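For reference, the structure is listed below as structure tokens.
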Amino acid sequence: MKKIWEKDKINTSLSIVDDYCFEEGIDDDNKLVEYDVYGSIAHAYMLYKIGILSYDEFEKLKKHLIEIINLYRKGLFSIKPADEDVHTKVEAFLIKNLGEVGEKIHTGRSRNDQVLVDLRLFAKDKLLLIFEEAYQVVNTFLLAAKKYEYIPMPGYTHMQQAMPSSVGLWMASFAESLVDDLELLKTSYKLNDQSPLGSGAAYGVSLPIDRKLTANQLGFSKVQNNSLYCQASRPKIQLAVIQALVQMMMTLSKFAQDLLMFTTTEFNFFNVNPKFCTGSSIMPQKKNLDIMEYLRAKTHKIIGYQQISASIAAGLPSGYNADFGETKKPFVEAFEVTIKTLQLIKIVVPSLTPNIKNLKKACKKELLATHSAYELVKKGLSFRKAYKKIGANLKSIAEIDLVEILKQTNHLGGPGNLGISKAFTRLKNEKLWRKKQQVEFKAVINKLLK
Amino acid sequence: MKKIWEKDKINTSLSIVDDYCFEEGIDDDNKLVEYDVYGSIAHAYMLYKIGILSYDEFEKLKKHLIEIINLYRKGLFSIKPADEDVHTKVEAFLIKNLGEVGEKIHTGRSRNDQVLVDLRLFAKDKLLLIFEEAYQVVNTFLLAAKKYEYIPMPGYTHMQQAMPSSVGLWMASFAESLVDDLELLKTSYKLNDQSPLGSGAAYGVSLPIDRKLTANQLGFSKVQNNSLYCQASRPKIQLAVIQALVQMMMTLSKFAQDLLMFTTTEFNFFNVNPKFCTGSSIMPQKKNLDIMEYLRAKTHKIIGYQQISASIAAGLPSGYNADFGETKKPFVEAFEVTIKTLQLIKIVVPSLTPNIKNLKKACKKELLATHSAYELVKKGLSFRKAYKKIGANLKSIAEIDLVEILKQTNHLGGPGNLGISKAFTRLKNEKLWRKKQQVEFKAVINKLLK
Amino acid sequence: MKKIWEKDKINTSLSIVDDYCFEEGIDDDNKLVEYDVYGSIAHAYMLYKIGILSYDEFEKLKKHLIEIINLYRKGLFSIKPADEDVHTKVEAFLIKNLGEVGEKIHTGRSRNDQVLVDLRLFAKDKLLLIFEEAYQVVNTFLLAAKKYEYIPMPGYTHMQQAMPSSVGLWMASFAESLVDDLELLKTSYKLNDQSPLGSGAAYGVSLPIDRKLTANQLGFSKVQNNSLYCQASRPKIQLAVIQALVQMMMTLSKFAQDLLMFTTTEFNFFNVNPKFCTGSSIMPQKKNLDIMEYLRAKTHKIIGYQQISASIAAGLPSGYNADFGETKKPFVEAFEVTIKTLQLIKIVVPSLTPNIKNLKKACKKELLATHSAYELVKKGLSFRKAYKKIGANLKSIAEIDLVEILKQTNHLGGPGNLGISKAFTRLKNEKLWRKKQQVEFKAVINKLLK
Amino acid sequence: MKKIWEKDKINTSLSIVDDYCFEEGIDDDNKLVEYDVYGSIAHAYMLYKIGILSYDEFEKLKKHLIEIINLYRKGLFSIKPADEDVHTKVEAFLIKNLGEVGEKIHTGRSRNDQVLVDLRLFAKDKLLLIFEEAYQVVNTFLLAAKKYEYIPMPGYTHMQQAMPSSVGLWMASFAESLVDDLELLKTSYKLNDQSPLGSGAAYGVSLPIDRKLTANQLGFSKVQNNSLYCQASRPKIQLAVIQALVQMMMTLSKFAQDLLMFTTTEFNFFNVNPKFCTGSSIMPQKKNLDIMEYLRAKTHKIIGYQQISASIAAGLPSGYNADFGETKKPFVEAFEVTIKTLQLIKIVVPSLTPNIKNLKKACKKELLATHSAYELVKKGLSFRKAYKKIGANLKSIAEIDLVEILKQTNHLGGPGNLGISKAFTRLKNEKLWRKKQQVEFKAVINKLLK
């Protein structure tokens, strides 16, 4: 397809150039079609309001833009490398169908602010999905923590048995971790919720456009101000999102690493439903927990995407740079990987069953060394003396019922006081916040398409 | 020095082991002395309140702990590799001076939660400093934006001249960028503001400790709950801070890259005070802007530290892991680099003077191509047709006064409507928030040491 | 498709598991089909030689394996997520077509060593292609260096004009850089050229297999010995390749950054053929060098892939880990990006034309400051005194013909003594080495398929 | 100290500038003093040979340069931030002591090529040390492999018991891994062994300097040609070294991760000498293998340094850029960490003792599943049928002596055929190569200082 900006045959860019620059991003551009339409309708509406389009022209454009969504959903509107990108394809469609009216849609905007709008709306949608999935995972961990609250297990430091722990403490730790991660995600959500539309190529446009109007039409909570910063913010806000996703993957990666160790023959603390396992082509007996190994590896991948997104942007001068194009894929993929991971964890956790017998057997008497020292402390010995006394004679440690110890460790956040019901309450409030965001966004889009 | 946990001569760890594990961290441990004392006083007070220490014992401990601060400030309390770490050294000091009373200080805590407390307090202090410096930098950029609001300069995309821009738009873009970055930093501040004290080695302690009390004593806004998560959160909250610092460095790195280009002989848009320049050993004529090159490079370093902090933690099982030790240095250094960078930018920006003549000369007529197309649009041509018409005949572009164009581009955030006074107002509110935090923290520490 | 290792319906893995683990790798698995066939033929031949297959059985397997290649080339053999991977699909095809004979192919091997073989052969092919492309790029740079040997241009340090340089020196520097990079690539080629076949799952097999025979059949220069190390070497040798590709991309990224700066309006040192440029949707006048921006960004991507490949593998215990699966894509993609980049540079370089007039005009008198100091040195002044004298009076610098200075700077490697003909000779020898490798590899594969 | 290039008081750079740019590198500059002297002697000798210095002047310079080494070794010559760097300090020392003769030393060179020489000589020294330490580690692993050749242990894939392995196979795998890593290190050694002296600031010098002479004087195997590439090669060759060090750390990190798992209470496969362990401040019973956790973490650090070194350099234009300064520290530290790690592993490995009883007990019957399938294959069943038969009835697996199976797995590289004596032979040859390099380098330096 001849590109909008191509002035003549002679200067047409080579296909190797298109391929090098645009091919990789095409898949992701196909994911932006609906958002590009939303942004275009809002923009056209504003052009009508400021007198650049007549109402009739706006109506025509809107109708055909909605038609693009219909075609897209039927698989009849897909972007190919020769189309360059979703924006060019959408404009070309309008021009083909509407002639001169179509030629007006791009008045007062640039693909630079257009892609920003698309990515912000796309990200909003995905973030709302991630919140939903993450809340379900938190719920899942809390339920498991409640169910196995007082099942003792060895607690480890330095990968060595340290002190008594519980399946409850272990499960609940991931719930609390995710809730903190979601704080970071909320801040990135907030940064993402700014409208870049109207910033043009980075220097605004010498037309009396109404940026507040388009921001409202699209449900953004504010206009992102400085037009030059709008462009600078593209890789930065994407990075802020990825940074929060990295934190979530790290939480889940720890769970994966634990589970891989706890399901070795040697530990054998948990049973995993075989539906989550894979086999070997050579060894008849194998049941492998590939999913947890992949989760472990994918975490490093997303951390690497964080690195790539930051490095690409770090050395760039002000203004739009085509380097931004390479940040699209890590952004989109970071979302997809995190969503899939949450969906998986959501069903793996409830399927785990602790091998209570093995867990009990694994708890060596030495786990009680600190507790024994505290018993001496209660009798008046200084802690350091008690520590040395027990250390010098580990055999003197008395066997005590582990559940007793767990219940005795009942200060805030100890295994005997996990605070699960408070956590459920907090979760409920978080869900309400998300619900509100979701409902508002949906309402805005529905109104736009009506 | 014999370590607390060393049971006998035979089992003493080799010096190569100490060296491998602890040497590198010693410098950073020396930066934690005061915070270790704060945490220890709060912990001792709590031990008194729950009846493990008498009031007299608490008073003695407090007195000697404050003495440590005095010695430290005189350079008479410094940790060496053989001391292992700050915590061991502090405990050893108390035991040496107070005998059995000193042996009681470690009751109900572990070095694992102790170092967490130290790092959280250290981070709080540094974060408050960074907010202060960053606000000053924002102020500096806004002042420069106001001063040079309508000085035209070429606006670039793809490193090619694109549309008219202004020194004001350029300066103000960094201010807005930093303000967004500070949103992320505030969330990390919030996550950091949780008290891990009382989580012990990761599994709590079987003593009736009062975690709320110590949290209040130290000015934390809440108790960090799950004791196992407390440990897991160490590298994660450190990472959250670094992630926000990365964003700030990226903002400033863009300024550095711009400035390096804008001060080449070929661009020559700005004069830099020679006090910020360095010379060459071979070339008599050179004035180099090393600081901006270093800033550019240090940004990649902090991005790398983000990577290191994340990778180290990503694969670790639950519970304390000594790997955490290696995350201390990138954390401390990320703070130091960012602070120095802000302090530098704060004085570089006001020292810059635009070469107004060169800036004007640099603005080629083609910058007005889009504007010219809009003029045709105003006469009724569709944008795409106008675009093509101008594109086919760039020579037809009329010379127009650039300041006029800038002023005409007066939608929200355009060069003609930078919103600087609104930005100053926002900045003022941010400063109030910080001030409140600072005052409260100071009051808490003063009370602790009284 | 039911997987080979699936024992019954009940234990079938969920599709979400397949999706999470295998979906992403499917594209890459499709690139391994031919190599999987090569490895399978060699393995089957060996099984025949040690008496596990009859000659007839071997012939049947070989025939159907070659048939897979035929189908594959016609697009009729493609792996889908439900097929799990290329190895399972190939075995399934043989079993479907040959029944019991097909069930014998996997005797004495594992998918773990099979995928290693596939990746090594794939990498060999790609490496040979990269050498070819890289030699052509070196040739291109050398030709340009020769062509513009004495075209003066300013030489920069710290992005400031420093001393006289030449287009020749600049062009030739990239040629020399690439030749050094190829040294690293050759070492990775050598490491890759070891046969892992027969290492089984990582622990060998209790069958009298002949690893030397299969290594020879497949053209490997040696057997990779320790069966456990064979698995460990998978991410490491992949990483060694990526590390060398990183170096190549860094060489070309410097060229990109230079070119982007040298083609700004302000520098305007080179003309680029418009066929390599793209336009803007909003600005009629723009000609952007997107390809160089993409090259700059893709370099950071490949550096990030290096990071991902290393981080994933760094913390893994011995033996095969499914995490390896996630290293496949960065490996394959690093090849593809580097190849495309070389192919692009190969045609961009000869299309560049220096703006001789601008280059000359850009050369400020100050470039001669060091030369002027040397002139004083020749008259007996100490260098430091001469340096200061010139530095204090830059206006005293005499205009001298730049070409004269270039020619005078004729020590080894100076602009007056680039050593281009020696470089051509070296290149010729490198090409001979590659040719030999290519011919031998082709011969081996032809023999295998005969 | 006033810097060489400072023309007057007014233009003196601010101390905050010195601090920002040079402070961090000062430690590393102190490590370069001797190399700076070597380079300076060689350079002065060449200046004498081409007639710029008299023999007497050369002798004086040489004498005082050697004096610098003497002072340095006594701790009386150390660089401070105000000195800027080692080069400035050395020149200033000569000028202070020799007046006008000192002012001649910098004729025909730049700090840019000077620091390159220093870093190359420094790296050569460190590389030769690393080869020595690494060979000893290889030796250590081979000795352990020989000693425990037929001690059975479970072999793992996916962290699950897979097939019979041996302590010998495990130990030998690290030896082979390191030997491959050293191939990469040798290539970086070769790239590093090029003399950049005479490339000046990047554009050569207009004096008839003799680069071959200085290269020979300093023992470089060749002159690095293109003067512009000399500068470009600085971060690249540093990176090549770090890339090889990353590979070595990855090998050793795998050993660390294995050992941490194999010394958990649950596995308990090996005893570690308590001298390598550390204790806990709270838990009396703990013996932690901190060193292996630190090794695991330091590996990620060095991988991060690889990333930082590459990212910093990736986007830079041609010519010297001050950003290079930030690559010095990761380079120096990567050496130090790797050396310490090798020295540690060298003594840890021989101190390990396998818990033969536990290893035996750990080997579950299912490890023999594949072997059992092969037994059916030998009786004529197809492998896939045998696999399914065993898979469906794992209880049918016969107990077989594990040592028998190990010995039976005697193809190349299997546990029954480790090829240890061949490995010792290869090691011997490697050592000879290193010895030769070491002897030659020492001879050159001795001659230089005579």
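So that you can tell them apart, the chains are marked A, B, C and D in the order they are listed, and the count of residues begins at 1 in each.
Rule of thumb we're sticking to: contacts are C-beta pairs under 8 Å (C-beta built on N, C-alpha and C of every residue); 3 or more make two chains touch, one makes a residue touch a chain.
Note that the coordinates shown come from a computational prediction; the quantities given were computed from them, not determined experimentally.
Judged by contacting C-beta pairs, the busier of the interfaces B-D and B-C is B-D.
Chain centres computed from CA atoms place B at the largest separation from chain C.
Taking each chain's centre as the mean of its C-alpha atoms, chain C lies 24 Å from chain D.
Centres computed as Cα averages put chain B at a distance of 38 Å from chain C.
A straight line joining the Cα centres of chain B and chain D is 32 Å long. Chain A has residues 4-5, 7, 91, 106, 112, 156-159, 162-163, 200-201, 205, 261, 280, 282-284, 286, 288, 290, 293, 296, 300, 303-304, 307, 311, 314-315, 321-322, 370, 387-388, 391 in contact with two or more other chains. Put simply, chain D touches chain B in their complex at residues 3-7, 10-14, 16-17, 19-21, 87-88, 91, 106, 109-112, 200-201, 205, 274-283, 286, 288, 290-291, 293-298, 300-301, 303-305, 307-308, 311-312, 321-327, 340-341, 343-344, 347.
Within the complex, the chain C residues that touch chain D are 4-5, 7, 52, 91, 95, 100-108, 112, 155-159, 162-165, 169-170, 172-174, 176-177, 180-181, 183-184, 186-188, 190-191, 198-212, 223-233, 236-237, 239-240, 243, 246-247, 249-251, 253-254, 257-258, 261, 296, 299-300, 303-304, 306-307, 310-311, 313-322, 370-371, 374, 377, 382-385, 387-388, 391-392, 405, 408-416, 418-419, 423.
On the chain D side of its complex with chain A, the touching residues are 154, 156-163, 260-261, 263-267, 280, 282-290, 293, 307, 311, 314-315, 362, 364, 366, 369-370, 372-373, 387-388, 390-391, 394.
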